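Next up: the structures, one after another.
Look for chain A in each of the two complexes below; its partner is chain B in the first and chain C in the second.
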Partner chain A sequence: MFLIFALITLLGGLSLAFQKNLVVAGLCMVLTFFGVAGLFLLLANPVAAALQVIVYSGAIVVLLLFVIMLLSAHEEEEALKAHPIQRWGSVVAALALAGGAVKVVLASGILRSPRPVGVPPPMNLDALGNALFNNHLAAFEIVGLLLLATMVGAVVLVKRDL
Partner chain B sequence: MEFLARLLHLQPQTFWMIAKVIIVFAGPLTLAAILTWVERRGSAMIQDRIGPNRALLFGRWRLLGLPQLAADGIKFFLKEDLVTTDANKLLFWLAPFMAFVPAMMGFAVIPFGRALVSGGQTYHMSLLEPGNGMGMLYPLAIGSVAVYGILTAAWSSNNKWSILGGMRASAQMVSYELAMSLAVVAIFLRTGGYDPHEIINHQAVIWNVVPQFFGFLVFFVCMFAETNRLPFDFAEGESEIVAGFHTEYGSMKFALLQLSEYVHIVTAAALIVTLYFGGWQVPFVAAPSVSLSIAAFVLKLVFFCWVFIWIRWTVPRFRFDQLMFMGWKVMLPLSLGNLMVQAFLMYRRG
Partner chain C sequence: MTTLLQGSLQGYVLVALLLFVIGFFIVLSRRTVLVQFMGVELMLNAANIALLAFARARGGDVQGTVFYLFIIAVAACEAAVGLALVVGLFRHRTTTDTDRADALKL
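== the complex of A and B ==
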């Protein structure tokens, strides 16, 4: 099961990067998000899987595709001349990300201690709510404030004459 | 249960799992097929017409136009399958499936009857067992994916009317999803859980529609927007944009798009029944028998399916700016206010 979802995620991501057609690329992004949702399910976290589908596949990519379709109805975008510095920058960023991910995996305790026996109980909304509003309340509030500021900024940018 | 399982040489649990899959897939599909007939006969009834009555079974029986279903099916399968030259072939083919699969998946979480206890084993009447951790988030997730079928169908047709329909559909579904989710969250608050089985058990004394009337109102209206039905069927809007997102579709592909709309109606009706009308609970009967509970659920389900059709032929289509106004300035504040009041009441009660 893990291999199936991992393959879905990877293939979706790869075709997203190499697809010329913007709308097809957007749909590949949806596929990637579905793969990630499946991985969440395998990690016994159905809440995260559901939220992944609701927020990312259901709302964000829909808006993205909406804008793509609105701007360029059908013709494919002429690719911009790639700057070499962008290419090298992307390689460095990808390497840094990959290094960080590998380091996190190697540092986790599960590799050292023996595997826990049995299936862990699935995550549910109660646990998520407790984590958000008891343990990480400050971070939650700060993120909310940030999002509000972003929204106000977007409105101001779009509507010049308020 | 044991007897049937033994007849097929299966474990009772395995048998029940297979039976559930068949029920959950065939039930809404059959109901959707019947709904297409109800829609035409019902519209005829409302508009004082006769409706389809020419198809005869074996050239003899008229059966109130029911053979029209078979005639439609045969016609859809035998029609020439046209794809316009400038369409994106792959997506044009995929779109009907992208519409149909999420539509069929939504029903899996709905409990359609009281759990059956037999031979020391409990058989739950829903495809997803209670306590799976997904609960009512599942239909919300599936419902939010349903828009891709319409969007892809619209874009891949390479037709201006289609793209207009797709744009309208996506804007509408995203706008109404917020108010709908908030209405559902108020139910979660009231129940203290988000599993559909818990929600139904909690409604044993009083159905949620009474204490959560405004939540019900918002959810009901949002369901029309989510299923793209009149008065919110801007994705099609025949009088304005030909037939919207499925202008270029014919034969079985069109049938799939149309069927998925009806399956959405069935799922939406099931959600309304589960969240606000007590699911399989029977009024004034404390512990209904299993068959009675299933009958009650089906009765409520069919009634709300009929309400969807009834409203389609009674209420005229809104204008698009009216729809957006209603979504953001009426439904969302109403839903938020409802949630706040519910939270405040819970706080007062302690």
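== the complex of A and C ==
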């Protein structure tokens, strides 16, 4: 199961990287988000999986597809001039980073150590709500303020004449 | 190797790192603002996978999920403001290509 969801996630990301049509790229991103939600389920965290599907695959992707269709930017514009340095530089940087990451993770002894004995219980909303409102109440209120400020800011940015 | 394929902590960290690298590659190599934005979202998701995998390995720690909640709230803010900026850019320049929008003043 882990292998299936990991492959869905990574192949969705790769097809997003090489997709020319922006709407199809957005749908590839949905695929990636569903793969990530599956990984969260395998981590015994159904709360996070549900939030992932609702917020990412739901709200953010709908907003993104809406903007793509609003600007009718389905196809990528032709490049003004070729940028071989950018293309090959990004390929080399990504391959070097990926190679380094694989090497470090496979060599690490801490990550390979077995899980603690006794499987921990799955995450439930009860524990999450208690932790959120007992220990992180200030942060919760600040995030609410941030969302309000974002809403006002987005309206100001998009409105034609205030 | 078999524990890696069946989803040990190592496997999750590896998937998170590779997803981050893919997002990084998208941001570096593509020219369209909207696709670069998708790459940023992939990088945020990679961070979330690593966070929740480590929380699980620490015995189902609830703090990881609390942080995940805050991260997706901030990601939603980033999405709203980022897409508003793209719409504003398109209104001024009628383009979403970063090569064509390389000057602050028209």
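FYI, the second predicted complex is superposed on the first by the 114 of 162 C-alpha atoms of A that agree within 3 Å, B and C clash if a C-alpha of one lies under 4 Å from a C-alpha of the other, contacts with A are read in each partner's own complex, and residues count from 1 in each chain.
The rule is simple: contacts are C-beta pairs under 8 Å (C-beta built on N, C-alpha and C of every residue); 3 or more make two chains touch, one makes a residue touch a chain.
Predicted, not measured: the structure shown is a model, and the values here were computed from it.
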{"item": "Partner chain(s) touched by A:Leu70 [first = chain B, second = chain C, both, neither]", "value": "both"}
{"item": "First, second, both or neither for A:Met123, with chain B first and chain C second", "value": "both"}
{"item": "Which of chain B and chain C A:Pro84 touches, first, second, both or neither", "value": "neither"}
{"item": "Which of chain B and chain C A:Gly58 touches, first, second, both or neither", "value": "first"}
{"item": "Residue contacts with chain A in the superposition, chain B compared against chain C", "value": "C"}
{"item": "Chain B versus chain C as contact partner of A:Val47, first or second or both or neither", "value": "both"}
{"item": "First, second, both or neither for A:Ala154, with chain B first and chain C second", "value": "second"}
{"item": "Which of chain B and chain C A:Val36 touches, first, second, both or neither", "value": "second"}
{"item": "Contacts of A:Ala94 with chain B and chain C, given as first, second, both or neither", "value": "second"}
{"item": "Interface residues of chain A shared between complexes with chain B and chain C", "value": "44-45, 47, 51, 59, 63, 70, 73, 122-123"}
{"item": "Residues on chain B engaged by chain A in the complex (per definition of touch)", "value": "88, 90-91, 131-135, 137-138, 140-145, 147-148, 151-152, 154-155, 158, 160, 163, 166-167, 170-171, 173-174, 177, 181, 188, 194"}
{"item": "Chain B partner contacts - residues on chain A that touch it in the complex", "value": "21, 23-24, 27, 30, 44-47, 49-51, 53-54, 57-59, 62-63, 65-66, 69-70, 73-74, 122-125"}
{"item": "Chain C-touching residues of chain A, taken from the complex the two chains share", "value": "1-3, 6, 9-10, 13-14, 16-17, 22, 25-26, 29, 32-33, 36, 39-40, 42-45, 47-48, 51-52, 55-56, 59-60, 63-64, 67-68, 70-71, 73, 76-77, 79-81, 83, 86-87, 89-91, 93-94, 97-98, 101-102, 105-106, 108, 111-112, 115-116, 120-123, 127-128, 130-132, 135-136, 139, 143, 146-147, 150-151, 153-154, 157-158, 160"}
{"item": "Chain A partner contacts - residues on chain C that touch it in the complex", "value": "3, 5-15, 17-19, 21-26, 28-32, 34-35, 37-39, 41-42, 45, 48-49, 52-53, 55-57, 59-60, 62-63, 65-66, 68-70, 72-77, 79-81, 83-88, 90-91, 95-97, 99-100"}
